[in-house]
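The letters A, B and C name the chains in turn, as written, and every chain counts its residues from 1.
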Amino acid sequence: MWNQQEIIFPPVERGFHLITGDVIDALPEIRNMQVGLLNLLLMHTSASLTLNENASPSVRRDFRSWFDSAVPERAPYWTHTLKGDDDMPAHIKTSLLGESLTLPVKEGRLALGTWQGIYLCEHRDSGGPRKVMATLWAEVGFGS
Amino acid sequence: MWNQQEIIFPPVERGFHLITGDVIDALPEIRNMQVGLLNLLLMHTSASLTLNENASPSVRRDFRSWFDSAVPERAPYWTHTLKGDDDMPAHIKTSLLGESLTLPVKEGRLALGTWQGIYLCEHRDSGGPRKVMATLWAEVGFGS
Amino acid sequence: MWNQQEIIFPPVERGFHLITGDVIDALPEIRNMQVGLLNLLLMHTSASLTLNENASPSVRRDFRSWFDSAVPERAPYWTHTLKGDDDMPAHIKTSLLGESLTLPVKEGRLALGTWQGIYLCEHRDSGGPRKVMATLWAEVGFGS
């Protein structure tokens, strides 16, 4: 069984944002699936998706600090500068983290580790809404 | 429906190269697919695949600048040095970006964002031809 | 045909460890598969999976050197420090490399490049056992 739909996330500030609950709420079909996979593609080039710690806001704050430090704005080697100081670093951060996740579904649930959550990583100061294409293919038969 | 084939890319110089059109041309089967997923695996350890901005050559040039700066040649900590100065940095860059992409297919097309393109990231000065294993699984029924 | 199971890896020291053989041994079902995909998700937030060079221990040693240098312990910007000096760097390294791989299966084998191996990347000094969820979906018919 295939299911494919877009999920729109409203604008968020630059940083790392936990969206596991939003993803699950947007995909109630998962509850009926015995075994399968969920592919998420963030359809942008200055924001990304990753899995990481789902409990401490300080982890997400430190993610921003490290990435801002490792991929600096106004570095002498940037030549693509017309779209703002945060644009080219946002492209690099996007590819370091990746725009896509493929996650297992097991017995009606996303089979993540206890401490794993899905992060929407917004690398621009005014990134606007972000669109995710969610593609689910699975064997139905669990639950009701 | 499964489809699996190798795509060979001729040698390119070190840097980031847009290959979206080549991938689509090599996989005409996509046009008949209603919904599905395409997995691409670059079968090497010193080149990678990523998604990023598909319009400005300056973005791809700045990718090279950042990666060359972040993963320097002749750093004091390299011990794997027999295969050339660009070899060990190429291995690190490969894993930072990843060798693999899993992308959604929707109504006969790769469902990428407007600005997203597939980059072949060549991290060696003389990397030679590069091989990608393309695996497509999808529901046929769209188009003719 | 779907197959889903957990694979447990015993504790290893901080660093990069080749596990291709362990993964294949845990999944004898691959031998009967004509074409398919294997998704591996490491269910933790301080260890990761990547593909890289499968021959030289010096490559894996240099991976550790670069990652320890690029994501330093006791950096002034860390605020999430209660769980040890290696904790927050481990979270960053995990997302740089990713927790998940989706790999092609072809004629009864994982279709990796000649030099590609699967690395278990342990970013903590005492990470404990690590669990991987392996999800296989494929067309049976090869072999026996």
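The rule is short, and it goes like this: a residue touches a chain if its C-beta (ideal position, glycine included) is under 8 Å from a C-beta of that chain, and two chains touch if they have at least 3 such contacts.
Bear in mind that the values here come from a model prediction, so they are computed numbers and not experimental data.
Under the stated contact rule, the graph of chain-to-chain touches is complete, every pair of chains being in contact.
Of all residue numbers that take part in the contact between chain B and chain C, under half occur on both sides, making this a different-residue interface.
Averaged C-alpha coordinates put the centre of chain B at 20 Å from the centre of chain C. Residue positions 70, 96, 98, 102, 137 of chain C each touch two or more of the other chains. On the chain C side of its complex with chain B, the touching residues are 34-37, 50-53, 56, 58-59, 61-63, 65-66, 69-70, 96-98, 101-104, 106, 111-116, 119, 137, 139. Put simply, chain C touches chain A in their complex at residues 2, 4, 39, 41-45, 70-71, 75, 77-80, 88, 91-92, 94-96, 98-100, 102, 131, 133, 135, 137.
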